[in-house]
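First chain A sits with chain B, and in the next complex the same chain sits with chain C.
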Partner chain A sequence: MNEAVRAKSTIITKLKYQLIRIRYRTDILLSLIFIVIFSFLVLFPLVKIIVNSLTYQDYDLRLVRNARLGAFTGYHYIRVFASSLSYSIFIKPFINSLLVGFGVTIVAMILGSLLAWVIVRTDIPWKRFFDSVIVIPYMMPSWVIALAWLIIFKNDRIAGEKGMFSYFFGITPPDWFSYGLFPIIVCLGLHYYSYSYLLISGALKTVNSELEEAGFIAGLKKSTVLRKITFPIVLPALGSSFVLTFTRSMGTFGTPALLGLPVRFFNLPTRIYASINSNNTGDAYVLALVLVVLAGITIYINSRIVGVRKSFVTMAGKGFRNRPNALGVWRYPLAFLIIFFLIIVFLLPLLLLLWDTFLLYPGDYSISNLTTHFWVGKSNFKIASGEPGIFRNPGIWNGVWNSVRLGVLAALINGFLGLFIGYAVVRNRGTRLSKSLEAVSFAPYVFPSIAMGAIYLGMFARPFGPIPALYGTFTLLVLIVVVKNMPFSSRSGISAMLQIDKSLEESAGIQGIPWFKRFRKIIFPLTASGFLSGMILTFITAMRELSLIILLVTPNTRVLTTMIFAYEDQEEIQHANGVTIILITLIVLANFIVRKFFGNKGLTGLKET
Partner chain B sequence: MSWIELRKIKKSYSGSPAVRELNLKIEDRQFVTLLGPSGCGKTTTLRVIAGLEEPDSGEIIVDGKILFSREKGIFVPPEKRKLGLIFQSYALWPHMTVRKNISLALEEMHLAREKIDGIIKEVLEKVQLTEYIDRYPSELSGGQQQRVAVARMIAAEPSIFLMDEPLSNLDAMLRVDMRTELKRLHHELGATTVYVTHDQVEALTLSDRIAVMEKGILKQVGTPEEIYKKPADLFVARFVGSPRINSIEGKLVSESGNYFFKKGDIKRKINKKVESIILDLKVNSLIATIRPEDIDVSQREREGWTKADVYSVLPAGSETILSVKKDEIDLSVKVNGFTDIRMNDTVWIYIDPFKMNYYDPRSGKLILDVGLQRK
Partner chain C sequence: MIKRLFTILILLTFTGGIALVFAAGKKESTAGKSAYPPGMEKWLKEAKLGPYQEHPQNWKEIEAKAKEEGEVVVYSSSSRIAKVAGLFEKTYPGIKVKYFDLGSVKSVEKTVAEQKADLYNADIVTTGGSGQVIHKLLDNHMIVNFVPDTVGDRIPKKYKEPLLIRINEAIVFYYNTEAYSEPPIKNIWELTTPKWKGKVVTKDINASLSVFMGFATIVQHAKEMAEAYKRMTGKNIVLHDGVPDAGYEFVYRLLHNDLIILKSGGKVAAASGKRGQENPPISIIYFTYLRYNDSKKYANGVITPLDPVEKLVYPTYTAIARQAPHPNAAKLFTAFEMGSPKITKDTVIEPPYTKGKSAELLQGLAPYYDPGSASPRADVPKPRGGEIWDELKGWDVDPDFMWYEAPKLQDFWTQQAAK
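What follows is the complex of A and B.
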């Protein structure tokens, strides 16, 4: 009895101690709060998706006799993986996803690493210019090039007009060239090269020329040095870039939807989209889990590769030199080649989209067919189902407002959350609490966007716990974009916090300065630049987001990307292209303004993710 | 008025102990140095006092008030301990001027603007940086930054100063100057000071008392003289003093009722009064230590001196360190100024028996010290 009393009193003093200390440990408080919130927003959906994949859904009741809503079943797994339908539901889209993944990765890696080597390690002129503009295409939605492809190479097999190529040359491109795997690989490759470039150029910049010079002095030939010294050093970065580009392109939605759906070419994301559209959520959840597992595997592989990379001490801190390789007579021809390349992947698609918006009938490039109707025309029921021109179209202006609002809100919320999470993680570094917070804030990374949209659709359609029904509200869009971007903002928050020594805050604490003031006066100003670049990144990502929110938007909450997709779907090509131009203009403008007023921080933020 | 008491402080990081059962009392107005090699737990101890680390167990008491006790459910956060701390990196806020660095904490005390300006002026005068008031830390030299850190600390008038290797980022010349300044400052302000360093010269020159630590254990606490002359064990003996103390492992032999320490030609009689202490230990060998400056050297043969070969000669201006070899023993010998002794010369050395300490070779603990022998 006595012992029990004593045990109880020690527990009480222990609790008392924890309560007192935690009042002054804002980092711990923040960690706890964030872990609870994110578990709810991230882990709960994962559980939910697993549960849903293992129980009967509405759609199944019509197909399966004796099925009871919500009863446990392996039906979906059998249907997806081991039935006569498996080939069309799973195997074909899976193979297509892999083909797209490999194809895009190879194209992007070849382009990205060649450009990286030329720009970082040779004496090519206008280096700094190239280094900053080469990643601009990355700011555009990945499917812009696909829109341009359609303008040029569309054939008449599918509904609608022929493309520019047919018009000018009279040759109709074959199906495989206009739609499906081939154009998807080309278009995505021309987008994701910038991603490979960022990773590989980052690695190349850390290679000390002295390592190469040591090779030359030892009497090695230039090609041998490249093969035996430079290549092995950047090999981990190449590997990492391969894995990450592969995952991204495999899980991508926009381009395969635009170029694949017309010929019923499905990859996993478009298959999920189609399943959800036909209300077959069971299949969709199983397929979504496949994507989650694949993402998990690639993260694991990547962490192994990056782990190895850390063992290369390429940066010695002192005596670092970058002596470029001489290109000789090839200097200017190569530079012009790069400019030409940039025009093709960036300027040309935009110009084509712009041109197309001035055509009254798509596919007719004669002078008489030019019109400004799609920009300034009033509603005319003979054209585009009576959609008024872009500048007169309140729907589009509402979309602009929604997109900008979404971008700004997500950027602000993500920026601050990232900062607080970074603070909580870094201050507690090494503890279990810190590791759990880092893991839980990184978890949204494994969710394929389209799947996450599907889960949130189900989760927030009805009031849920303390949260009212959010479906149809703008809040839901902000919520999902914020959660999906959490991995990137928390990463940039963590890296910003790692830059400042904890003694800077401790010295203020010792002097009696309370936490909030320490944060406002010391931590925030010192991490502001990282905070800002993280915000721009979130803004860009939110503005060009499509697959994440396509299932969640309602007519009132439509944003520019979903409008483009809808216009394209309804064959109102000029509107689709015009709105795309507006979207890209907004993104570039925002980036420009921030760079102008807050220093040259805009695009550098891209490199942190 | 501030005294600090640490009672049975334990702290480990993910299983490996950093501080083990540390008991230490620091008297009011004393300058106490925590001395030890890196990783010995000295900085952890300082951070525990500051409240930046929470020990696993134990108590911290300042002026009779408990600041920390897990067992009693007490934790006073650093914000409320009213201490001053100088970090190794100085931790000056890089985005604030010198003025702002100093005033930030003062503003928190809700003092009038004129009062704050007055304090800033006063402390900057004290550290002779008045004209740098509107500079940013990056525009100051290392020594100036260090002085700003001092100014920032004293501005809030804490009664306890904590300093974590404040001089280690300065170059050698500046370090010596700043030592003088810090000692002066302590004398003028009379704040109880806990100073962490791995530099034994710094510890000896600055401290009222030195606490030597190794692997999380407090090895010895004493005045600089006690630490230097009567190191409590071989670790302290070897860590304090430069060049390193000489240690000679020899046999304990008895001849005609007397006990001797014997190693080769070196043979020293052990005082009758302490014979019993050594005999109680039941050892048959001993380790004797002797400071390099307590060995005399001669170029001519002398009665009772031992012959040795000179292995190297390292003149350093005010002194010359000789390294001599006798049988298998290497000895460092310090002589004043320069010498005409050359490498490979033969010399005769004399080890003062009253300056030798004897240690138990198994535990490394001091058995006989200089003071005991003199009696």
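What follows is the complex of A and C.
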């Protein structure tokens, strides 16, 4: 036998071996399939956007003489970073994005960690109630508070009707208070604190009081204990909430769009939206990349500082006590302060929106101006351009159906994919394959929503590989929501799988029970609660999503959030507010039902991210 | 893991990127007509369109074939297309209208994306955005002009060539008639004076091609703008550094006079039009939103006389998409959009326009039968209160200017708006 033949036969044997191995190792097969799919859905878009940013696009042909469509060029980068336009296209929106990002993160983290500490670590009354209610803002779209802000603090800069504040008190708030950076930070901060709260309270709950007590016994001061013992334990949670809040608030579109434009306050997302709308995709791609890079840097810095992976658990089988700090006389005042806070961030905005839906003409709060027309009225061309009341409006019911469909489909797909990925990652733990899969499924995290929408718009406007042109279809909405939520659902899938010992499945495997049956009969039941909490999380995110899908929705695939924006645009304030209330009711109701019937898991899924 | 992610990202990005950069580079014509793409000639012959049109058009045959086709797919920039579709289905039962209300930017975008991919879903493309429609869609044979001969001879040439216009609309200047007994300005340049600082409202040009076209048309008429300035001040206009002419200068001064930019036309119309305001602004927005005076109790009035221009007219075109799968239904729909041939100058059309006998006459014009819109047909009488359309002196949007010059204006606007 000569060398070549021998080499050939070794290769064949190796291949055969690998094939047989894969046949019996479903986890490997799954890993491979998922890596291919996600590379296609996540990494390829990134490549595509980079390529597009380096080649002449349609629009450029009108600005640049001699430009050839698709030819290589640094034109967009020069235009965005080093031209007379840089200040307005890049520098100012960039600074604004950073200001929003840092401002919101500071407000949200201070609020979130204070609340978490008070509720988890002190003897404040009504703990359980607070713990479940305080995260409700998480379930509302982030811009609901902005809508309420406009109702209250609208001043005469954008003319039209008066804001509530000037109607009742006769004082007109200054521009900086009504629009721009300040209200954007306040409104987003009052939404994103719930992320910090969820993550930090989760970490605090796992801190064993004995650790702190040991410190006290050793004669440390209270502040030293806090600094040296408690703080390091919650550091990973603080890091996660920093990354989550910072990247999200920098990439958010809704609130800056509502509160920014009247004072020409642009951040990167609203600038991207403007560029896409004016067909200038080159600018949009470069700016989207800036957001991706920023998110990447944030995650990188966080991983450097915290030095550990995000899921960080201190729970062990040993004695565990959580001895709350006594608040003394402050117990009830503090509890009422929290209740007051909840009223401001949750109840008040909703009540204001609700009140507004009963006004015939917005801005007139007299009794004679009350009407139920916007809920039950028939189409009347003298009011709201003939748009029928919400309960009689087939368009709105179609939106409800689309939203629920999107939420449920995304939740189901994400739930199962998360489980499979978790299975594939955990069973191969330590191998290169497992690490790659984990990384790839985490990759959508670095895409700011609006940037991802922009990428998918460009990618699926025409047939792409084996996929037909998906633009304008409902499938595309489901696809992007599923991909965007993958980091979360794969994380909860992985942590659910980590709890199951390999031996359980192996013993069944030895008896010759096929993989699918093993999965169905053993693994799935054991992971069901994690699965469910992952699903409800995806459901909530999908239902309140706007930034991600605003570029992809067409009138036939409208969901509630985009309808709210459309009504808002048409100055049909009552309809916008009414639909907002329906949306929030649906989300809260779904969450309530799941908690009621499937155990008190609810939002805990977020902690696993 | 993070490291790993970055390594993967970087590797894939580079390899894929380089491969794609070299794979790309398809040449495409951007100006002037090019040759027919493959397959189009055959389709034109079968559909009897373009050079293969019959004279006269055989409407009996078209209608019969349209009924066989059973469907027409419409991409539209106007939300009122829903009403047109409803009226059409009532008139021609058995032909379903599948309409996509996409706005002008996405109507063009979707058509281009699909045609480039040889996907032929659309029958009708009816949208604004003059530069794009003429120089992108028509020049590249993505759409075909079709003028129904039932009303063709009643349409002035400039409204049917190179492409049929189905409705003309305009950008106008509104004041609040409740707060002001007469228009508060007489010259457009007054908007740039301290008196109106922070008191002029318009829609973001990035969010509306129509508003953008309005401003572009002002810029295009730099000479007239300079003359108007002289009439107001008695002096020649002095341009700011780097500003090329009086048209741009107007935009420059308006933006630096704290022009308020809102994200939707509805909000702009509300800003000037809402009742009960003490110091309402002037708004620059769609003429057709005058209808909100009825449906939302606004108090908007069109500013006239105004030197040098009172309305900026922009068209909504209608065309048949290349390789349209339902060409006869598309022809029938086009004819329907233009209104019944039975209408003459003396026809009396009573409101409500979208119902009964009026709707039968107006057909696809019915939803647009308001003072702020005008049919290109010379023989369609104006609706109640619509005489004002002809009285306002206007400038027409120029597709060539929009195509070649407008991106510069867009950059200029973006740059100045940020300061």
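We take it that the second predicted complex is superposed on the first by the 570 of 609 C-alpha atoms of A that agree within 3 Å, B and C clash if a C-alpha of one lies under 4 Å from a C-alpha of the other, contacts with A are read in each partner's own complex, and residues count from 1 in each chain.
Everything below uses one rule, namely that contacts are C-beta pairs under 8 Å (C-beta built on N, C-alpha and C of every residue); 3 or more make two chains touch, one makes a residue touch a chain.
What you see is a predicted model; the values in this text were computed from it and never measured.
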{"item": "Touched partner set for A:Ala71, first chain B, second chain C, both or neither", "value": "second"}
{"item": "Partner chain in contact with A:Leu261 - chain B first, chain C second, else both or neither", "value": "second"}
{"item": "Touched partner set for A:Ile171, first chain B, second chain C, both or neither", "value": "neither"}
{"item": "Chain B versus chain C as contact partner of A:Ala4, first or second or both or neither", "value": "neither"}
{"item": "First, second, both or neither for A:Val329, with chain B first and chain C second", "value": "neither"}
{"item": "Dominant contact partner of chain A by residue count, chain C or chain B", "value": "C"}
{"item": "First (chain B), second (chain C), both or neither touched by A:Ser88", "value": "second"}
{"item": "Interface residues, chain A side, partner chain C - complex", "value": "39, 43-44, 46-48, 50-51, 54-55, 58-59, 61-63, 68-72, 84-85, 87-89, 92, 156-161, 257, 261-262, 264, 266, 274-275, 277-280, 296, 299-300, 303, 309, 361, 363-364, 381-386, 435-436, 438-440, 442-443, 461-463, 469, 471-472, 554-556, 568-572"}
{"item": "Touch list for chain B against partner chain A, complex", "value": "13-14, 50-52, 54, 70-75, 77-85, 87-89, 91, 93-95, 104-105, 108-109, 152, 156"}
{"item": "Chain A-facing residues of chain C, complex", "value": "1-2, 4-6, 8-9, 12-13, 16-17, 20-21, 24-28, 30, 79, 100-102, 105-106, 108-110, 112-114, 116-117, 119, 132, 136, 198, 201, 204-207, 212, 260-267, 269-272, 274, 276-281, 291-292, 294-297, 403-404, 406-408, 410-411, 414-415, 417-419"}
{"item": "Chain A residues within the chain B interface of the complex", "value": "12-14, 16-17, 20-21, 23-24, 430, 501, 503-504, 506-514, 517, 521-522, 525-526"}
